[in-house]
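You will see chain A twice below: alongside chain B first, and alongside chain C after that.
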Partner chain A sequence: MTNRVLEISNLEKSYGDHKVLKGVSLAMDKGDVISVIGSSGSGKTTLLRCVNLLEDFQEGVIKIDGKEIGYEDVKGKRTKVSAKQVTKDRALTGMVFQSFNLFPHLSAAENITLALKKVQKKSKEESAEIAQHWLERVGLPDRGTSFPGQLSGGQQQRVAIARALAMNPKLMLFDEVTSALDPELINEVLDVIKSVAADGMTMLIVTHEMRFAYEVSNQVIFMNDGLIAEQGTPDAIFKNASSDRLNAFLKNTKF
Partner chain B sequence: MSTGFFNELWLSKFMIFRGIYTCLFVSFSSIVIGTFIGMFVGLALTYGNRFTRFLARAYTDIIRGIPVLVLILTFYFVLSVIGINLSALQAGITSLAIFCSAHISEMLRGGLQNVPKGQIEAAKAVGLSFFQTFIFVSLPQALRQILPTWINTAVEIVKGSTLVSLIGVIEITLVMQQIIGRNFLTMQFYALAGLIYFLIGFSIERTGKYVEKKVAIK
Partner chain C sequence: MGYHLDYAVIWRSLHDLFYGLGLDLYMALFSVALGSLIGLVVAFALVSKRKLFRVLSGAYVTFIRNIPLMIIILFIYFGLPDAGFTFGEIPSFIFALTIYAGAYIAEVFRGGILAIHKGVGEAGMAIGMSNFQIIVHIKIPLLIRSVMPALSNVYISLFKDASVAAVIAVPELTFQTRRINLETFRTIEAWSSASVLYVASCFLIAFMLRRVERRVAIPK
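Moving on, here comes the complex of A and B:
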């Protein structure tokens, strides 16, 4: 129980009448790498965004390191926590987006140091050191002074990964991080993620790259219509898929 | 003829300098005060609740719908009726500043709303608060985007400052009228006025272009 990093129980989320998540439960221990696959509209991305509190959710509990995030019990009533607490809870996780979302007016290094300085209140020198460390880690040691517009998509995404990792999160969330990349740039990003996984980082990865999911994860989740339809080891999911729904999905995807 | 013009020009040089000074003073004050007010109104337009948004929207739309001259005359003549006596200079600066603020607020709202949603989410994801996101992520991008329009507004304010001559502020236009009243060199001195306005406007625009280039996103 001490190693439990993420615990989601019975998560429900709807936009108006449309229910996107219909009761998702999931647990992750330290060092777990779980890939989430499924067709668009199955709720994968929404699940990730709920964990990062970018989306509100109506039912269920998300715990990180044993502590509930986003909501609290006030006199028996489920209440959203203060904006300040949301910001704090959010800092427990690092998120990498499909569209990189680097700050275009800041250099690669400044993209990383901004939150180190403003959120973690680290000194300028220390922040710069940390940024350089992570830039080296993602294979871009001499790109610190480059601006996002001067980097390729793959390089931008690697900076975005470095930016999230530099904040020393408990859990990394990857939201279809290669979907906006040219095919020849995908592998450099996936390789970085694999090497971070090898370091023991706990990661929840939404992806369309089946081979990558197979290689990087110790668990794979297949989501369908707002629910976890299948969960198992990569071999169980990809090699011995039992349900028709999963087989139909896998048939239509490239491995 | 031309010796007469230069002679008259020499004689009236101090008046002209004072006119230019007054024009610059009025314009500069209006732009600074207007930008300051406009920032707050723009913030209310973008992030305010329903009530503050309504107030800010009403302010912006009403001011933008009124000709500057009417604003100037109102502040000078109408306010004195209710006991607020502004000097011509004060009334001129106030009305131009208010005119300016309505434009700035609308600009800022547009600029802030054009910052992609992903930027805000990325800022949240690394743990920046609402205020930090605004200062370090949204505002720098919005300001770069509104800079060209802001420069335009500044030039418009300089040109609009001629209107305060109508309530007796002795700026470039009124100085020229006074000089012409003395020597009847109508064409020459109005041409000179035009040239001075052009040079002021042109310098602002050039400076703006330079700054734009300097801070451009690479």
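Moving on, here comes the complex of A and C:
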């Protein structure tokens, strides 16, 4: 139980009348890499955004390192925690987005150092050192002074990964991080993610790259209509898919 | 027949014209600086999640933007003393132009805020930055860059609006010109000289703002 990094129980989320998540439960131990696959609209991205508290949710509990995030029990009533606490809870996870979302007015290194300085209150020198370390880690040792507009999509996404990792999160969330990339740039990003996984980082990955999901994960989740329809090892999901729905989904995707 | 242009009288009053121009620049600079601060705060209030902020800021912009500057000035200069607040002409005018500027600049900034990609703010949230930190370190730097062209336009316009101070006898350029006109009857010379000074100043302001714009541009 001490190794349990993420525990989601019975998560429900709706936008108005439209229920997007209908009771999702999921547990991750330290070092787990879980890929989430499924057709668009199945709730994959919403699930990730809930874990990062970018979305409110109506029911269920999300715990990181055993502590509930986002909501608390106040006299038996489920209450949203303060904005300050949300900010703190959010820092437990690192998130990488489909559209990179680098800060365009800051250099690659400054993208990484900003929160180190402002959130973690580290010195300028230490922040710069950490930034350089992570830029090297994602294979961009000499691009620290480049601005996002001067980098390729793949490079931008690697900086975004470095930015998230530099904050030393307990759990990394990847939201379709290669979907906006040109095909020839996808692999450089996936390779970085694989190497981070090899270092033992706990990762929850929403992806359309089936081969990548197969290779990087120890568990794969197939989401359908707001629920986890299947969960198993990559072999069980990709090679021995049992349900018709999963088979239909896999038939329509490239492996 | 024929009107003989004689700029000699203008030359003799050149000092007064430049003094007036300096006063315009001084008042405009003050108002634009303060108005920009107000505009920034009001712009974020306009797009705030809190209804109270939206209503108050919306009311400010709606009222101030839809009242002629002349009326705001007369109201403040002649109205406030009746309410027990007495200011001189210049502070009154700076006050009036500031609240007027704030409303216009707020709308420019609001456009800049809306143009910021939503994901950029979310990325800030995801790495644990507070809303305030995101506004200060990400949104404001981005929005100022994106609104620079529109902002320059408003700034130049506000500089020219300083001429309205003539109605409460602030001895700025327009006021000086009218005085020279009345004293010398050199109407064409007086107003053409003032026009040249306004054009030259605006040109210079635009030039400097363009340099700032280039300087803060994001490298591509």
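Some observations on this one:
Rule of thumb we're sticking to: the second predicted complex is superposed on the first by the 255 of 255 C-alpha atoms of A that agree within 3 Å, B and C clash if a C-alpha of one lies under 4 Å from a C-alpha of the other, contacts with A are read in each partner's own complex, and residues count from 1 in each chain.
Methods note: a contact is a pair of C-beta atoms (placed from the backbone, for glycine too) under 8 Å apart; a residue touches a chain by one contact, two chains touch by 3 or more.
Predicted model, so just to flag it, every value in this text is computed and none were measured.
When the two complexes are overlaid on chain A, chain B and chain C occupy overlapping space and clash. Of the two partner chains, neither chain B nor chain C is touched by A:Gly16.
When the two complexes are overlaid on their common chain A, residue A:Phe103 makes contact with chain B and with chain C alike. In the superposed model, A:Pro183 lies in contact with neither chain B nor chain C. Once the two complexes are overlaid on the shared chain, A:Ala115 sits against chain B and chain C alike.
In the superposed model, A:Gly76 makes contact with neither chain B nor chain C.
Where the contact sets of chain A with chain B and with chain C meet, they give residues 52, 54, 83-84, 87-88, 90-91, 93-95, 97, 99, 101-105, 114-115, 118-119, 147, 149-150, 160, 163-164, 167. Put simply, chain A touches chain B in their complex at residues 52, 54, 83-84, 87-88, 90-91, 93-95, 97, 99, 101-105, 114-115, 118-119, 147, 149-150, 160, 163-164, 167. Chain contact summary for the complex, chain B toward chain A: residues 116, 118-119, 121-130, 132, 136-137, 140-141, 144, 217-218. Contact residues of chain A toward chain C in the complex are 52, 54, 83-84, 87-88, 90-91, 93-95, 97, 99, 101-105, 114-115, 118-119, 147, 149-150, 160, 163-164, 167. Those residues of chain C lying in contact with chain A across their complex are 117, 119-120, 122-131, 133, 137-138, 141-142, 145, 218-220.
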